[in-house]
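Here subunit A shows up in two complexes: once beside subunit B, once beside subunit C.
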Partner chain A sequence: MRSIGPVLILGLATGSIYALTALGVVIVYKATGVLNFAHGAMGMVAAFLFSSLTRQAIPTLLAAPVALVFSAALGVAVAYGLRPLRRAPRLTRAIFMLGLLALLQNLATAIWGIRPRIVPSLFPSGGVKIIGFVLGYDQVGIIVITLGLVGGLSAFFRYTKLGVGIRAVSSDQDAAALQGINVTRITVVAWVLGSVLAGIAGILISTPAADAFSLTLLVIQAFAAALLGRLVSLPATFVGGIVLGLLTTVPASLEILRPHAQVIPPVVSFLLIVGILMLRSETSLIARGNEA
Partner chain B sequence: MSEAELRRRIRLGAWGAAGFLAIVLPFVLPAYWSFVLVSAVTTSIVALSIVVLTGLVGQISLCQATFVGFGAYASARLTGDANVPFLIALPLSGLAAVPIGLLAGVPALRLRGLYLAIATLGFGAAVQATIFGNSTITGGISGVSFERPKMFGLDFAGDRSFYFLALAVLVLLIVFTVNVRRGKTGRAFAAIRDGEVAAAASGVSLARYKMMAFALSAFFAGVGGALFGHATLSVNSSSFDVFQSITFVTITIIAGVGSVAGALLAGMLLNIMPKALSGILPGNILLVILSTLLLVQLAVAPEGIVGQMRQQEDAVVRWILRRRGAPDAPAPVLEGR
Partner chain C sequence: MSRRSPRLSFRDKVFFGALAFSLLVNVWAVDSLRTEVAALRQAQRSGSVGQVPIGGDDLQPLESTGADPAAGPTSPGATGVRAADVPAATDRTGVSKGTIKIGAVITQSGLADQTPILRGLSAWIQHVNAAGGVNGRKIELIVEDDGTDTSRGSAALRKLVENDKIFALVSECAPLTDAQNVEYLRKKGVPVIGSCVLGGEQFFKNPYQFPLRLTMGSMGRLVGKYVAQDMAAVKPAVIQLDHELLIEMGDGVVAQWKKMGVKDYTVETAPVVNPNFTPTVIRMRGEGVDNVSLLLDTASTIRFLQAASQQGWNPKLVGVVGYDEEVIRYGGAQVEGMMVPFYSQPVRGSYPIMKQFREDMQRYYPGEQRLELANNGYHPAWVFTDVLAKLGDNVTRRRLIDAMDGLTNYDDHVIPPYTLRPGNHETVRACKWAVIKDARAQVVSTDWYYLER
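Moving on, here comes the complex of A and B:
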């Protein structure tokens, strides 16, 4: 086993990737009750669009916002696509998201093929040395941006009218509507937020290269992190992501498990998901609103 | 003629037409279509495994392709390495998927709906990474190969003959499903689907019947997987991944997870529709358009296409009865939607 310091740093970096991906899942679930199985796929499309734009000699700092505008538009489209199902059971709406996952996957294959794509970094190369381990600027960037988003979004939900509106709709749609809140508008805002967060995550974590399948499947790790945050709390989701990051990198550093490093994230995520769901009393998870 | 009799005749006519087409089509269509029909049948068997689990018992599985994979690899080993005759290997392949189905079903003892969906999705991904992705177990990217069976002096090497073999298996499984649905087990399944608390209060063992449902569903999927392997002649590490599971579940729900007809429709939607339209547009663009249409279909009719057709049938029945001025014609009902 290598010395524990670098392993922990690597776990922190990996964990912040999971946390960043999970943030959008939690926000959409909080606001709309939809479990976004397509979150990874939505981020993947944004990342590949970003990659294609930079290939046209568009600077990365311009390409990223353009790709995020597309993400916002995708969020609006999803919000309106789900409108006919707004009274449907949660599971039906989750199935819709699975259908969207398949659609985005087919779209990505049609446009970009199935081979991994090179996605440039928004950050300069090189990095900072922490206890004998070089942490790349892009990894530092992910950690800082994720922490910033957790703080910023928590403040948004607490202090802004729109944020409080989203919370009102999430706790009781009908009561919120009776208070004069435009539920449709709030739902659209939540989906735009969720989709842009998926895009930010997709662009940041895809460097130096990523393939459509693994980006889409990252949603499983995001679910594990989000469940550790009980699907509601953003700071707890961040901690959940870091915990998952450590749980996947520490075993991977053990000599006997190193050849199976690829296998560890899905297995650990699955065990964590089942563990959290089974050990938690069912009521605490489904207390919020109508469950299906 | 009473309304019930009329409905019975409509159903009988529809099934008769479907059976007629199933037998005649491989002789009428160009030869290369036989393989498309085989694929439709194997997909229908997998979709039927979802109808059993989701339609009859109300449980959800996002790891159905995992069961399919176990069936396929079991049949490859049994027929290839152990020289077991195909007809014996086929049910054994289904049985090989049962333990993994029971394992996947354990979370269902405590979880429902959305949470069961997440747990089974994680299960499928974990099995994909540990078992299907492990080249020493499954042959990895290069995969394993299959042969078409020969038995009773008949050679099923051709697509058309293999199609009729697969069709016979599908019909057997449909008969089995319908019998299960009618019996005591079927009533317990329906009770669990319609309300677990009420079912448990009526003395239905939730654990026993949920496990039975997962076992049955895995068996069907395993048989479908074995047939799929012998149809395509080779499978590889990505044949049974999470994306396959997602495709199976969404297509079955869009077609209609509540009925056997939905399973048949799912097989057709996934195989015959893309092939029939393949001349019009390049394959990958066509796939994007078709998946968009299916998503719209799901948003418009979450009860499935078969559910929509049932409403059409209601309208037709009312129209016929009204025209005949039958005394037992029900008063026209305003549609809610």
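Moving on, here comes the complex of A and C:
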């Protein structure tokens, strides 16, 4: 390892990507109890659509909202697709999400091909120099947007009627329905929120290029970060993402591990997932489902 | 608590049906993945530059010395060709009094579309037939599509060989199908003139395969020589994608550096999927690297350029896909000045064959835009008929192979004059160099850049 400073900055930037990806996973889990294995795939579809639109000479600042509207529509479709399974065992819904992952990934492959897509950045080139390392404006943007989303969504769940409704449905759907809450509407809103977050993450982290497989599998790191945040707390998820970023970046900078740098993030994430699940029971995760 | 019935409910059936459908799509996509990988290999091998305008190249034709089959067939025994491999001297499969039947499996549907190659091949064959054929025989061309499906491609290949009884495969380009059927074609003794071959140097030693291009190792050697000699690199580096062919190319670069006494160099292998070049840039900048050869695909090249740009690092660069429109568009300021090798004459050159090519394409396929790719079909077909014409009336597979193996200082005006011998079907190790300037690939020298001369 040459210098720890740039490595830590790189870890921070990488961690913010994991945190941003994990936010949508946490939102959907909080509201519906579904582990969205297709989260990365949903983000990938938005990113590829964004890329296709920009190739048609549509400005990036116009293409991004259009892609996010598509993400919202995808969220609605998933919510209604899952509706017949709302009383099904959790495992059944998890397998449904795995099926959706495969479907989205392979449809994207069929439409856009397997080669990486070039995805333009929403941010200008260049960056901020910190201790000899230049942090790109796109990386700074991801950190700022992620922090903004954490703060905004936490406030949303705590202070808005809709947010409280989502938390109520998350705790007990039947009780929420008896209280006059439209459970279907709440579920759709949660999925739209989760899908749009996946789209935002997909568009932001895909630059300059991304392929259908790596984006889809980013869900592994997202799950690890989300589990570090106990799958319910957004601020804790952000911290979890940063911790994961550091845990993956620092070892990759060691000379002895450099040839294996690319496999370190998924391996570390997988070990974290297994470790956390062994140490915490599922009930302890669900019991905290009402945190903002 | 209610017990669940072990029988599948309607909902379960719908669910498992959807899951099965997803898996089905998955199988399709995996096959697509393999196809795309093959397409990448093909693109790397074909050296199909010229996706962007190439200016400043207006070369004059060189002397053509051609082949002289009359000089007599080369002894196969001296070349490692097994006796069982040698087609019978009287094998006139596909040859009749008035026609010579040739074929090709060319991927025209699916994710790897090589239709321009078919059009280039067909354009030349139509040109030849319109002029009366070769020695009075018309060329009958049968082309099959493998649909990026190896099973379909293998069946199509067997149909061509066993049912249609073709004389030779010309401008063959179905990369996955071809890779699976090398042994089959060898056993059947079918000559292959021009192909999108995969793999390494063994294809160039195959007695029946005449790829009419360079090995990846030779392409790498040319890059290595240019970096060390012409760019005067002090501490060069090569970044290669973790991919069989590009590693072979990287090995060529390093072998050349060793040969030229370059000792202080760095080699890095980048993963095919999602490489992160920021740590690479930081490390190489710290090590004082002054020249980087990028043996990467388009997306990875852009990733590297943006990472280097972000960190404010400006080494001299060589990029094997630097001609790519996306690299030029998204690579940023770092692209300007990047050197780009290409391994065949640009189709806009002034050679007679290139003028003929453009005229034929305009006549038979006026809408075709991908002319560089089309030339990958036209060029081998031109070589095939040129050699065929010299065989006279006695056309056999053995004589065709011997004639190809006897080509000496042969100039087809698309690649530099070359000599082919049994066991070595690689063409002359040479390329041209372009520089990316004003968002265009511009040829910097009119002469070929040779590895050994």
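By our rule, the second predicted complex is superposed on the first by the 282 of 292 C-alpha atoms of A that agree within 3 Å, B and C clash if a C-alpha of one lies under 4 Å from a C-alpha of the other, contacts with A are read in each partner's own complex, and residues count from 1 in each chain.
By our rule, a contact is a pair of C-beta atoms (placed from the backbone, for glycine too) under 8 Å apart; a residue touches a chain by one contact, two chains touch by 3 or more.
Source: prediction; values computed, not measured.
By the touch criterion defined above, A:Ala19 reaches neither subunit B nor subunit C. Contacts of A:Gly126 after superposition on the shared chain: subunit C is touched, whereas subunit B is not. Touch criterion met: A:Met278 reaches subunit B, while subunit C stays clear of it.
With both structures placed on the common chain, the touch criterion links A:Ala210 to subunit C but leaves subunit B unconnected. Of the two partner chains, subunit B is the only one touched by A:Phe270; subunit C is not.
Once the two complexes are overlaid on the shared chain, A:Thr109 sits against subunit B and subunit C alike.
After overlaying the two complexes on the shared chain, residue contacts for A:Arg90 are found with subunit B alone; subunit C is out of touch.
Judged by the touch definition given at the top, the superposed model places A:Ile143 against neither subunit B nor subunit C.
Looking at the shared chain after the overlay, A:Ile220 reaches subunit B, while subunit C stays out of its contact range. Touched by subunit B in one complex and by subunit C in the other are residues 84-85, 88, 92, 95-96, 99-100, 102-103, 105-107, 109-110, 213, 262 of subunit A. Interface of subunit A with subunit C (complex): residues 2, 6, 10, 84-85, 88, 92, 95-96, 99-100, 102-103, 105-107, 109-110, 113-118, 120, 125-127, 133-134, 136, 208-211, 213-214, 252-253, 258-259, 261-262. Contacts from subunit A toward subunit B in the complex involve residues 35, 37, 81-85, 88-92, 94-96, 98-103, 105-107, 109-110, 213, 216-217, 220, 223-224, 227, 262-263, 266-267, 269-271, 273-274, 277-278, 282, 285-286, 291-292.
Remark: subunit B residues 60, 62, 107, 110-115, 117-119, 121-123, 125-126, 128-130, 133, 241-243, 246-247, 249-250, 253-254, 284-285, 287-288, 291-292, 294-295, 298-300, 302 touch subunit A in the complex. Residue ranges on subunit C touching subunit A, taken from their complex, read 11, 14-15, 18-19, 21-23, 25-26, 28-29, 32-33, 36-37, 40, 111, 269, 271, 273-276, 278-279, 282-283, 286, 297-300, 302-303, 306, 309-312, 326, 329-330, 332.
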